[in-house]
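Read from first to last, the chains carry the letters A, B and C; within each, the first residue is number 1.
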Amino acid sequence: MITAKEAALITGAVITGNPDEPINTLANIEEASPGELTFLGSSPYEKYFTSSGATVIFVKKDFNKSRTDITYLEVEDPARAFYTVLIRCFSPDYPLEGIHVSAHIDPSAKIGEHTAIGMNVVIPRGCRIGNNTKIFHNTVLGENVVIGDGCLIFQNVSIREGCILGNNIILHPGVVIGSDGFGYIRDEQGNPIKLPQIGNVIIEDDVEIGANSAIDRGALKSTIIKRGVKIDNLVQVAHNVIIGENTALSAQTGVAGSTKLGRNVIAAGQVGIADHLTVTDNVIFTAKTGVSKSIPKPGIYFGHPVKEQKKAQVLEAHVRTLPEYAERIKALEAKIKELEAKINN
Amino acid sequence: MITAKEAALITGAVITGNPDEPINTLANIEEASPGELTFLGSSPYEKYFTSSGATVIFVKKDFNKSRTDITYLEVEDPARAFYTVLIRCFSPDYPLEGIHVSAHIDPSAKIGEHTAIGMNVVIPRGCRIGNNTKIFHNTVLGENVVIGDGCLIFQNVSIREGCILGNNIILHPGVVIGSDGFGYIRDEQGNPIKLPQIGNVIIEDDVEIGANSAIDRGALKSTIIKRGVKIDNLVQVAHNVIIGENTALSAQTGVAGSTKLGRNVIAAGQVGIADHLTVTDNVIFTAKTGVSKSIPKPGIYFGHPVKEQKKAQVLEAHVRTLPEYAERIKALEAKIKELEAKINN
Amino acid sequence: MITAKEAALITGAVITGNPDEPINTLANIEEASPGELTFLGSSPYEKYFTSSGATVIFVKKDFNKSRTDITYLEVEDPARAFYTVLIRCFSPDYPLEGIHVSAHIDPSAKIGEHTAIGMNVVIPRGCRIGNNTKIFHNTVLGENVVIGDGCLIFQNVSIREGCILGNNIILHPGVVIGSDGFGYIRDEQGNPIKLPQIGNVIIEDDVEIGANSAIDRGALKSTIIKRGVKIDNLVQVAHNVIIGENTALSAQTGVAGSTKLGRNVIAAGQVGIADHLTVTDNVIFTAKTGVSKSIPKPGIYFGHPVKEQKKAQVLEAHVRTLPEYAERIKALEAKIKELEAKINN
């Protein structure tokens, strides 16, 4: 719990109201209750102001402070101020301390300082874990896995042998890192023969990977997830993929083998990106887009097969007009017949 | 094992044949073997009647009992009678008893009566589990998780801190409840900054969630799965989503953040529903539909971008006719040229 | 580590260069470093030859051996020779030995010879595991599960009761076998009533299933995955599905209930196949295809609703031409008006 005054100090806000007003938690304006801090950013939400249960609110500097039962914190950017308080004062601490007696840690593994290991965790030979990292219950590492400092590895995660993770990485429950890629050749009878997948996965700093997502190891070398990449739940990243810095993949997106995504790419949900493609920086794929060719030009893309969004919208409008076009063709045919008859008479 | 007579008693059926005929299990008519109960519902399946291996069969009251080597159970609704016997007499009991010595249960956790906890299960401080619930092996709860009565939590499930589950809930293996939502802001350099996800997940009674599905916790408040919701495998439910009563989401469907689904909505497989939308009651989305706008009207919807199914079918038929339209436009152009020449001469 | 000579012996290659050249690992030509074996298969990769760091290379018999700092292995088929060395000499051994003291193995379970069981693994009553199989840490079986010889069951896998697995099967981390299918009837009030799922899953020899994929048990009988089937990550296989020999399902594909896929079917990523369909042998579905009808004819299929690829490509070309068609219709209308005016004057 903090007070309105503390929230003001962190954000440089001007207080109107009670500086000692308690803030137990944060809430959106339409859901807030007494004891809660909210914010009023853009005008569509102004309608919630008169009835909001919040007792402390971030508003813009020119805001009409018509209610007297609420403490105002005036700032330039209410949303950013709100998120600053959220991040600075309400980040969960995910309590876990020490190394639980039920964890299986090979004597050859190196565990850093202030690193906590939960129950039934398996850390076999050759692993190296940095400082201030937490590995939650029932997570299993393979041999020679390296994990950096300040990581949060939640429960029931699987990291296979030889994968290398940097610092400040978050893996949500059920994540699989380093599973075999989908690689086969055919024998003379056409039966698939598995190609051993002998590469690994390298994950750079500040990456977060959502629940039950899977990142396959490189076939021969590495699958690489670069600094700041954010991956949502149930995402598939195939072998040899390289994902550029700060790129974000929303839920249920899939990236097929050997594809290279640039920096600051955004894939909305259920996007599929085919194999062996190159996508440049600053590309946005809207939801469900099917990317079957390389994208050398930044922009917004849509559809399957993928098109530039504006072009796709034009085509979609034409498709919706097809019944009219069909009528107009029919009318033209009738008209022509009519004219033909006139001319021939 | 039951007998034909017992099946008749439960369903009010009239027996023709041997009341003591044993029923070891149930099977569809085309797959049934001796010792098995089947049913004949609709006429497409009548062709299997003469050769079915079943020795007991539910049929309609006016059925022509031409075979003498089979025991008939005549009822109004053979399918319903069959399912009644399946539910009443053949529901698996999923044996699990007591609290296994390898389970890690914090002394502050409260475990109800006749509740069973499997091997290596982790139940930390503040958790409360009701009566007659079973939590299978290697499942991990976070702090202060609440689970009601009569639940089945299968193996390798992850439920994160503070999530609240009602009664008679089934979670299949690999389910993740309460993972962080996909929420970031950008700093001045454009790097993504994680927004702490401090809400939880509330799951009401009679909900079932399929293998490896993930339900994210609310960003600030709750993600809510209402009574009777059924969720299939590999489904994604993002933060702040609210799913109405008895709604069913088939496999690999995804619902993006803050979207509200009504009651009795049905999403077939691989449907994607964008964020911040409202879908009214009694809406059906056919497979792979991409829902990019709110749906205020009940009905059947299809396609991406989503359309009413009838409209989509009309447009699809027009698209399939495009080669013909192109020919007709070409013919019109030729004809016009011809007429023009005639007129100008 | 092997030498160039050993690689030549295995593949029948002719050596030019140093037979004792060490091969520490294998790499693609554009990524290879000293101490690594690569290959030059098709001409698009020839541009990498002059700068490749590889010190041993498989080339075709007529290859111009212009570099003198590299050892050549001349063969008929460089790619196949490369993969032969990969498979024969560099297959990982996934070290796991004995039965770990923390594994929970019911006294009634039968464990074969040279079979290894990892930490915290749960093997309850009635299970039978063959010889030379490895079951990694924190994996949980249900009662009466049968697993054959030479299988690799990775960590955090869930196999539910009564499922039967053959020989040489690989299950990657997070796989769920035998979860309940998505089956309900409605009661008088329209509430969904769960149908007990009393079947199982049968997996034949040489099947591989990717990370976090889910295979539901049959409703009454079996879901069947036949010999040589390869399933990628995050794939959904619903109850009663039968998948024919050597069929391959890429990541995030879903197959709905009771559908039968033939032999050598290939589904690219994110394909969805509706329920109760039959797909014949040798069918290829390109990525994201939505299969809403049975496919009785081999070939390549695309789109949603699914079409033969060639037909789909023709329609797609027409859709891209729609703006032009619209212009041509408009021009025809203007022309007609013009002619009409001429005639009527």
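Quick notes on this structure:
Convention: contacts are C-beta pairs under 8 Å (C-beta built on N, C-alpha and C of every residue); 3 or more make two chains touch, one makes a residue touch a chain.
Keep in mind it's a predicted model, so treat the numbers as computed, not measured.
Because chain A and chain C carry the same sequence, their contact can be compared by residue number, and under half of the numbers here are used by both.
A turn of 120° superposes the CA atoms of chain A on those of chain B, with the angle given to the nearest 5.
Inter-chain spacing, taken between the CA centroids of chain A and chain C, is 25 Å. Residues of chain A in contact with two or more other chains: 120, 138, 156, 174, 212, 234, 252, 270, 304, 319, 322, 325, 329, 332, 336, 339, 343. Interface of chain C with chain B (complex): residues 104, 120, 122, 138, 140, 143, 156, 158, 160-161, 174, 176, 179-180, 182, 184-185, 190-196, 198, 212-214, 216, 220-221, 234, 236, 238, 252, 254, 256, 270, 272, 274, 290, 292, 304-305, 314-315, 318-319, 321-322, 325, 328-329, 332, 335-336, 339, 342-343.
Chain A makes touch with chain B in their complex at residues 25-28, 31, 80, 83, 86-87, 90-92, 94-95, 102, 118-120, 136-138, 154-156, 170, 172-174, 206, 208, 210-212, 228, 230, 232-234, 246, 248, 250-252, 264, 268-270, 287-288, 304, 316, 319-320, 322-323, 325-326, 329, 332-333, 336, 339-340, 343.
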